[in-house]
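Below are structures written as structure tokens.
First chain A sits with chain B, and in the next complex the same chain sits with chain C.
After this line comes the complex of A and B, so read on.
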């Protein structure tokens, strides 16, 4: 049998002299390559934004008028340092849940809400505490709240679930987050449309289905992609609400 | 049918075929090709999940044993011969998949301005 006299690597023995340089080069290149590859992938990712839970604000308790779009909103009448009167808050529950069952009985009434705030730029959301600690009827006169129609618009941007976008997840938007976003939307967490450019000064619009319905299931397939769509826009306080026409949804190239 | 439904349907079909093959192999085939497995049943359900996934390989190995084409030494040849190529195809393929994914990403439509299609219709309270 022909004998092979070349160097032979055995893991538990000292490396053969002839292979040491090669092994050292492989080790260095392997570690450097992994680090470089990881850095390249990291750099290629989109900026997750500055959205976050504002635990530093502490528990927020404010009073206002409850509205249903059908996603629940609070038009704040008595605010505080972080949530001024006149502001419109989007309301959500813990995890991937909504607060509609608690908000529906209070529609059009004065209510006190309490919870933790999520904030991303001008987008604010309040994650309510459980039960009546989160939302309960308040005493006082109800101030009539104006809803201003802004007409029909054609917009480009991305449909997101409002809670993750506002800071519950990082990233809270984009394809990597699509499954999470759709689970939130199935839980009727308020969805938000991020417009490519501000609409009447606002980059974020609460998005609903047509005629006061929830976001239609058809729209779930377009979540996290850059799309164009049409719909009626209305202003509720400092929040814009987009009533989507689902037939106009198109994925942008 | 959208992409998610197509993927789910494909997985269901693959798993259903795997379930039939698992039932046949674990009740009939195993006794025919493995003497050591005869009269031993408790461990067989543990194999069901893996057969659901790799049932084509199970069928192929079953055929080799049944037909007498199985030679134990040859079984180790193909993996050895393929090591060099697989060793390159795997990392290059991963890089290509990532690069393809990155190159196919949509671009944020920053230049697309909102367009008002119609004037406001009403003011309500």
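After this line comes the complex of A and C, so read on.
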């Protein structure tokens, strides 16, 4: 083979003079290149959207009727500036936890809830404070709440964990976020279906399993993908609830 | 070369190498973490933990890509050999950057639940039967543990303890680890990217690694074809006039071994081409202070007996030589490592 008779580098000896210019150029290129890549990749981050914890609103305390889908909802009867009466509020616990153990005893009753709001466009959710500070029975007459069936629908869109989607994490959806979303759903954090086409004016639907069950585990494999599905849709105040028929789940390309 | 084990045998070249490496990685992270957000026009920022995880993950990928380019670059152009010299420090630093990336991920995406976050990492997504939504985290876990293993065993102590062939095989795991990183990124963040700048850098980097290795392999194949010899009792190396003082001619023997025949001050000697340290090509080195010096890490051997000078203890096999006219021949049967062989003295005027 052809012999290399050029400058010869030995690590523990000073670099040969004939090689120093080349090595200096490599060092400059390396450092500048890494800084350049850092900038190029850093400024190419996608916008995570406007979802966020609304700490700027302060602690929110409202009263309403507790419903279980089985994910807990509050049909607000006495609201405030940010959560008006008539609104249906999805309830969640801190982190990747739910508030079902506290909401179940209050099903169908008037309750006061308190916590911090998450909001992403028309989707919002209340992360309750701990214990009775988060949810407790309230005095007063219970107003009957109507649930309107909208029939069976076939929809296309993405199953997300509602809390991350609403702004607990930015970004809070997509395939790179799937494991996090699944972990939320395992913690019975309310899931939300983001429809590619609005349903009765709403892009976000609370999604449950059939017959008042939680989202079935089969659906976890479809989380964060663009899917088509069918189910019964019902209106609870200003919130749509989709009762998934898991046999109809299909990945769309 | 070291006769006893110390954490790092520092010298000025290592200081400079590490300083440049740290400066590059530090600038990457600084620009990504502190300069880029000001340029982004997001209504609300990406979560700091996610941003940090992305910065360290992207940095680890770029560093690993550069590391894997150094080997073939040095095969294609010896001027890149100095980058090989202290590459293990680069690898250890990359492992730390990757650990930091994993730490942010686990402490963010897999925390806040009733489950242990490390267990959650394994059970949260079990969609192994599908491509879209595949649990890409497992690729990252494999790559991370491999990087940690390689970093932990990077010291020469482990090479001596495990023996160079075993150590070398373990460290070839860097290739499955890199493929695993490629899969980790491809099934993960690339699935959600709307802006494809990172995609282009990622594909370009991975392609650079692949193409450079291919080119280096083709070059090695051409070299092997040019230096290979048929089986014989004595194998012709070259005409002595083709040899240069202080340099070697390499021949690939029929048994797969390579022999380096050196001309040293008018005398011919032959030793194995494989350095006892990391199988560096001794025949591509040269003689400094009467000692064959490996081009990779500067390990040295007496060309007459294949032994490192005292107090060092490394040894390589030697070979017997003979001349027929001006032709140099080597006996393909290697002598045991460290065997002295009387050099062949040349007559005046037989070399260039």
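Criterion: the second predicted complex is superposed on the first by the 207 of 253 C-alpha atoms of A that agree within 3 Å, B and C clash if a C-alpha of one lies under 4 Å from a C-alpha of the other, contacts with A are read in each partner's own complex, and residues count from 1 in each chain.
Keep this in mind: contacts are C-beta pairs under 8 Å (C-beta built on N, C-alpha and C of every residue); 3 or more make two chains touch, one makes a residue touch a chain.
Please read all numbers here as calculations on a predicted model, not as lab measurements.
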item	value
Partner chain(s) touched by A:225 [first = chain B, second = chain C, both, neither]	both
Touching partner for A:97 - first (chain B), second (chain C), both, neither	second
First (chain B), second (chain C), both or neither touched by A:154	first
Chain B versus chain C, judged by how many residues of chain A each one touches	C
First (chain B), second (chain C), both or neither touched by A:41	both
Contacts of A:201 with chain B and chain C, given as first, second, both or neither	neither
Which superposed partner A:131 touches (first chain B, second chain C, both, neither)	neither
Interface residues of chain A shared between complexes with chain B and chain C	37, 41, 44, 175, 221, 225, 251
Residues of chain B defined as touching chain A within the complex	2, 4, 95, 98, 102, 105-125
In the complex with chain A, residue positions of chain C that touch it	1, 9, 11-14, 16, 20, 23-25, 27-33, 35-37, 39-47, 50-51, 54-55, 58-59, 62, 66, 78-83, 85-86, 108-115, 120-121, 124-125, 127, 129-130, 132-133, 135-137, 187-189, 191-198, 201, 223, 226-227, 244, 247-248, 250, 284-286, 288, 293, 295, 297-298
Interface residues, chain A side, partner chain B - complex	37, 41, 44, 144-157, 175, 195-199, 221, 225-226, 228, 230, 232, 251-253
Of all residues in chain A, those that touch chain C in their complex	1, 3-15, 19, 22-23, 26-27, 30-31, 33-35, 37-52, 94-97, 167, 169-171, 174-180, 182-184, 186-187, 220-225, 251
